[in-house]
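For reference, the structure I am asking about is given below.
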Amino acid sequence: MRGPVKIVATVGPSSASASILAQMLSLGVDVARINTSHGSVDQWSSMLESLRRAEEAVGKRVGVAVDLEGPRVRTSNSALVKLEKGDLVTLGYMEGDIPVDSKQFFEALDEGDIVLLDDGKIALQVESVEGFQVKARVIEGGVLGPRKGVVVRGKEPDLPPLTARDRSALEFFADKGVSHVYVSFARSAEHVEKVRSIIRRLGLRHARVFAKIEGPSGVRRIGEIAEASDGVIIARGDLGMHYSLEELPEIQELIVMEARRRHKTVVLATEFLSSMIEKPVPTRSEVVDIYQAVLQTADALMLTGETAVGRYPVKSVQWMAKISSRAYRKLAASPPEKPRPTSTPYKLALGLVELAESLDAPLVVYSKTGRFAERLASFRPLKTFYVGVPSREVERVVRHLWGAEPVVVGDHPYEAGLARTYEKLRSENIIHGDETVVEAAWSSERGIYIIRVRNLEF
Amino acid sequence: MRGPVKIVATVGPSSASASILAQMLSLGVDVARINTSHGSVDQWSSMLESLRRAEEAVGKRVGVAVDLEGPRVRTSNSALVKLEKGDLVTLGYMEGDIPVDSKQFFEALDEGDIVLLDDGKIALQVESVEGFQVKARVIEGGVLGPRKGVVVRGKEPDLPPLTARDRSALEFFADKGVSHVYVSFARSAEHVEKVRSIIRRLGLRHARVFAKIEGPSGVRRIGEIAEASDGVIIARGDLGMHYSLEELPEIQELIVMEARRRHKTVVLATEFLSSMIEKPVPTRSEVVDIYQAVLQTADALMLTGETAVGRYPVKSVQWMAKISSRAYRKLAASPPEKPRPTSTPYKLALGLVELAESLDAPLVVYSKTGRFAERLASFRPLKTFYVGVPSREVERVVRHLWGAEPVVVGDHPYEAGLARTYEKLRSENIIHGDETVVEAAWSSERGIYIIRVRNLEF
Amino acid sequence: MRGPVKIVATVGPSSASASILAQMLSLGVDVARINTSHGSVDQWSSMLESLRRAEEAVGKRVGVAVDLEGPRVRTSNSALVKLEKGDLVTLGYMEGDIPVDSKQFFEALDEGDIVLLDDGKIALQVESVEGFQVKARVIEGGVLGPRKGVVVRGKEPDLPPLTARDRSALEFFADKGVSHVYVSFARSAEHVEKVRSIIRRLGLRHARVFAKIEGPSGVRRIGEIAEASDGVIIARGDLGMHYSLEELPEIQELIVMEARRRHKTVVLATEFLSSMIEKPVPTRSEVVDIYQAVLQTADALMLTGETAVGRYPVKSVQWMAKISSRAYRKLAASPPEKPRPTSTPYKLALGLVELAESLDAPLVVYSKTGRFAERLASFRPLKTFYVGVPSREVERVVRHLWGAEPVVVGDHPYEAGLARTYEKLRSENIIHGDETVVEAAWSSERGIYIIRVRNLEF
Amino acid sequence: MRGPVKIVATVGPSSASASILAQMLSLGVDVARINTSHGSVDQWSSMLESLRRAEEAVGKRVGVAVDLEGPRVRTSNSALVKLEKGDLVTLGYMEGDIPVDSKQFFEALDEGDIVLLDDGKIALQVESVEGFQVKARVIEGGVLGPRKGVVVRGKEPDLPPLTARDRSALEFFADKGVSHVYVSFARSAEHVEKVRSIIRRLGLRHARVFAKIEGPSGVRRIGEIAEASDGVIIARGDLGMHYSLEELPEIQELIVMEARRRHKTVVLATEFLSSMIEKPVPTRSEVVDIYQAVLQTADALMLTGETAVGRYPVKSVQWMAKISSRAYRKLAASPPEKPRPTSTPYKLALGLVELAESLDAPLVVYSKTGRFAERLASFRPLKTFYVGVPSREVERVVRHLWGAEPVVVGDHPYEAGLARTYEKLRSENIIHGDETVVEAAWSSERGIYIIRVRNLEF
């Protein structure tokens, strides 16, 4: 059986076909991520189309996450540029050996800074800065493709939170059933709030906003950012360019802790199975990495290049499912202590989780917006819990959460919604008639919450 | 406020009047104990009568516990016997300097044995045994009153579990509303079962059977005895004659642990406030002793001589209530881990307690027999829980349990019983209309258990 | 075998004879306490004389502690005064129904105050105060003897730290081999320092100063007082007049913790075996109290009335030794965590204790002043450690410490002192030639400390 | 600063030059491993020669570990064999499409078995077995090079513990200063003992025997194997062919635990930085893997392909040092509990480690054979400890141990050896004259062990 940890898979060339996607979904993908840094409206349309067909084929709907490009500086070369160690090169605003697309980038630069290109594969050291004219020495060479990311180690140029591309991406996706928006390079609560207000304006009523922590500001302000977000994503890729890699495990632990104490969804991302881009089997390191991520109680783990451009998108999903499910068994054998909540909604959620765990019974609830499911998930229930939801929109939202299994039953008052949910689980034989089940819902009477334990035999 | 630890007070000459009893009840006595080793049917009648009047005066009904004499050997002298250290005296069956009322006693004796009289105040060492003729040297002297207990250190003569006196006591009490029978010198599960079958035959439907552990067999067989009983009483008085006193704290800890892991009621007894027999204020030692007993999570603490024959029965109750309530505050600040149950009824009870504690809300249930209240109490809920019961009989049973507050509402189906309980608590203003409350009961539908959280405001 | 917890016994009428004292010493008394509130110079002389003879008879020297009267208000009546509940009585400075010996007492009084006489046995409530004329109602009656203590609940009149009696007592004891001075009613670090400077001036070079915490100021300033003292005494008698008795266990725990984190000696006092003033056997409560005091890791427990005026001084010592030794076995089975020191001398002491415990070997050291022994004791070593000392003076000091066994070997450089200590332990067969022993001493070379593990067989 | 975790690097084509080796040594390699599955006597000679030169250049000597080929079945093809998924192929003893070099292999085979070639890159499923004629279907294709390993999943053919190649390798290395022999495919205590007796016969007096756990027998008999060995190596490569990869983290944890409770050296091996065979920077997974291995308190981590055939042998060492040192900081902040030893030599070692840690001082010892250093290392001291040794042979042995820094000072009685060690550390300014140091050695006097704390200032 699958454990409660969810899998986010990035859709890309390797996984753009409905048949590949269908395999991935059936093997465990819970959320499909579209990275708007790449591709065009046509390509995104076609991805969504494939995804719809895959969902139909498999009979399962997944979360759809749009990952914005965000305030990233990029090179604006259109041809390949060869850079050899020791070369002295020029960087300029839209000109020079390495043309760069942002003026703010040049304002942030100082002599001695390390500039990393293409996810850190190429490194330069700045020797002089004169306005938008920079000379830099190549300290790690390579061939630079077009539109590659540019990072100044430890610095973040003061760019607006969303690019024009981001805005048109959001407009495009506004009516496409998106359930999650990932805010790249989240730097402050204000940054997250801004994206949230835009997507609300665009009519994405339920879409959750997750902040990607990928630079020093994100780490420093993790508290306020987590507070302002529905979830946080630990983007180990960019973090690894600002910090020395050996610092990442501690940063990862810190972010998980800060998010969990605020009851927010936690996603871990980047290079979980990077060797599988080329090979059908993971390395021992990758197994340990995924295993530890589950022990740290992340809600979800993300595959990026593995499924977007790798040779083995399906096998990558399969391995991630196998490893995380094994790690879950270990976790369940000595479950971590649950956080002690201070507000009533979380106290109720904790109480329900403890009641269900004490009875070793699955929990069934009905959640109109998915918020209650988020609260339940935040206590990491050891058993799958079933969440009746009014619509596909909310279904996709809930699919992202630790241990949650959504069921669409239409919009009803709470008690009726719960009854429909139970019926559906019964009719689909997900719940058999004879095991103990804990159901919970608001009563029609004001201020009363009802919990029903079914099939309780003494 | 009173903590959840219950107080058992022995009724005796000092507390035989209704007015004294009324004060004791209002200050915190939850169970009145009648020790049938002493007194006559007339005296017991009059105690019950006083108790009824006291209950009416105070508007509170308490548990009524009959403590059987049990298989205790006694002297059969009618006059005082003076014994001086060094004297050589004779013991015989109903004859000699110290006449003894049991033939089995003589069979158990060997040369060198230590014989303790009158709770250990007088000690003899056996020098020779010839049939029912024993010569012994006084090693601790004193004046021996009539009908005093006789103990051979480390040995238990093979007496029948109940004396004739016990049987007639049980017959007398059979229709007097007794809620608990304390089985003295409990030596085995069989012993307890025997008493249970007798009291069932006498029609005491609900009366609980508690085993008093007061000798080596009881300690050795604590597992089976706890299993066979509804509760255990750690009778430190007699235990202290069989074991050296410094061993008692470990024995006490062991018995508490064995009983709690079987979810049985635990009562600690003897010499909690013995200085208060003479003085109005406890010693520092006594304060520490009561404090520790609460930290050990006993359900109830028993007063014996303090209220039966002491000069300050009312003050004794008052001090025990004050000290145990203070110790409870300490316990509540770092609550002990709850035992993990294996059977469904206990899992449900634990789940309810955890739900209520997570919501910091009182729990309200309806229990036809008190069994469910026993299960809830076994997890030591931190808040008082309210138990609707059909009758005074069950009310008295429930009164003995950690944290339980019984309410008589008549015999009803579960849901109706719960509704009446809630109404009554509301009408008596024990529960106000605005605080969160967790209610739980069996539904009329088969196999369904319903929990209702009232006044839940988000 | 005796455990490491030391016993302080108060010398008084019941224990003034050399033969009684000899029995007490041989059964486990480590420190003899003389309470200078009572008795005269002649009586103290005779006590010391008896003690010397007892020591010789037993071949063991003990600590001699002088417990000062301190700033206690007393009544100055010479005859008995009978007080009945409800009486209205007058208190005045050296006059009235109840004459009182202190003007400051009257300044502290307010209407409504509770005045406790004779250790709280008699209680009055103040109805009016006019200068040194006070009217009060008896709320707890009794017969008032001469020179009884007077306490105003929760208040401490502003008296000088030492009385004239204290000063003459100190002068008398200055050349009598006193090892400890107990400062009664210690209220501040300054208070303790004052006594320390006086006893230094009197030539008591080694005598340790222990602060008795017996009132609200002592509790409030426990940090600074512990810092200024060599040890603290938790005087539960007077504390119980200022605080409600049920608060004492928490106060006791607090003081132990504050003293231990400063590595100070901790003594617990009052009413450990108060029933044994009259009876030969302790109550169950008293057993639990002593047991818990050991589990709290007090260095020493004090007997007061039990040995001073009780009927069973020798048996009291015997029981305290038996119970504390049993409790020690429990403690040793799951030893408490050791405090982590921050200064080098304590780090060395901890390292030695851990080395010896790892090897399960006794530790042997030579300590010129006893300070090093105090450091070792502060980590509560599980095995007896042997401390060679230069003089009887230091021997008496060391005798008071947890686990320490002093041996007088004369004044030598450290290494020689250690060698003599080892020889003596060998010649007295305390250490046999074949068990592993850890020895430690300063080397003659500057800055080098030497540890020797003897009889280490692989 | 380097942490205490040691780095084993495999010497191979990428690291065969003295200059590369010199860089690797200076960046943190503690043990050079020569894998005798590959190469010839000439190549091994040349590796040793390069290593000697590198050691001289850097001024540091490292452990030299010979990793035996062990009982591994191999293909005996000399040309490449192309295998496509779905092909039906024949395997035969030294013949067929895939010739195999072992008759026992065929005896172990059954229909349905999975045969893995070349570290699992190619997989076949057996369809029929007739003597030494096997037909199998290719289920994972690839190009098979010559002399590749053959594994039957979950089975181990009954091969002799050492191959002819192993014996000649041992003979070759017998006089080359080898410090460690790694026993591949260790299956039982007997297996390890056999290798140990051979290497003793060959005159390798000090060489330690480490068992490589790489198959089901090794895991099943981990207890007896660890007991018989000086250390264990968790060879995640082959283990991953017998077990599903997701089981490896639990197996790794089990083996570490079993070895540590027997105080044996623990080495973790395989794929720590496999991406660095091609790329200059590790993946996030690899960082987490190394980090976790240190938190699991392995003594040493092994690099294989990374330094043997990778493009970045030096950078691999550098990254491993950086990551493990960071992880060590985390470990030191909340140090794991030390195992409690039962025999005297280990108790002494633990006592010394605790003494030194309490004083926060480095430990200096003199160890003739390295055994004492192994004991100290088994308690994972938080600070580097210095070990004087008589010879280069022992130096190389000690270099492999957690936290140990060996110093060659010649063969002396213990006290003199320790003195020389201290002098040398002083003269090389590794220890300055002013910090606290704990020295320990056997005294010349029988049964006496001496510990000296230097520069102890109070």
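Think of it as A, B, C and D in the order they're written, each chain with its own count starting at 1.
Quick note on the criterion: contacts are C-beta pairs under 8 Å (C-beta built on N, C-alpha and C of every residue); 3 or more make two chains touch, one makes a residue touch a chain.
No experiment lies behind these values; they were computed from the predicted model shown.
Peer 1: What is the minimum number of touch steps required to go from chain A to chain C?
Peer 2: 2
Peer 1: Same or different: at the chain C/chain D interface, is the fraction of residue numbers used by both copies above or below half?
Peer 2: Same: most residue numbers at the chain C-chain D interface appear in both copies.
Peer 1: Once you find the CA centre of chain B and the CA centre of chain C, what distance in Å lies between them?
Peer 2: 39
Peer 1: At what distance in angstrom does the C-alpha mean of chain D lie from that of chain B?
Peer 2: 64
Peer 1: Approximately how many whole Å separate the CA-defined centres of chain C and chain D?
Peer 2: Result: the chain centres lie 59 Å from each other.
Peer 1: Multi-chain contacts in chain A: which residues touch at least two other chains?
Peer 2: Not one residue of chain A touches more than one other chain, so the list is empty.
Peer 1: Kindly provide every pair of chains that touch.
Peer 2: The set of touching chain pairs is A-B, A-D, B-C, C-D.
Peer 1: Spell out the part of chain D that touches chain C in their complex, as residue ranges.
Peer 2: That would be residues 341, 344-345, 347-348, 350-352, 354-360, 436, 443, 447-458 of chain D.
Peer 1: Please output the residues of chain B touching chain C within their complex, sorted ascending.
Peer 2: Contacts found on chain B: 120, 140, 236-237, 240, 244-250, 252, 270-275, 280-292, 319, 322-323, 325-327, 330.
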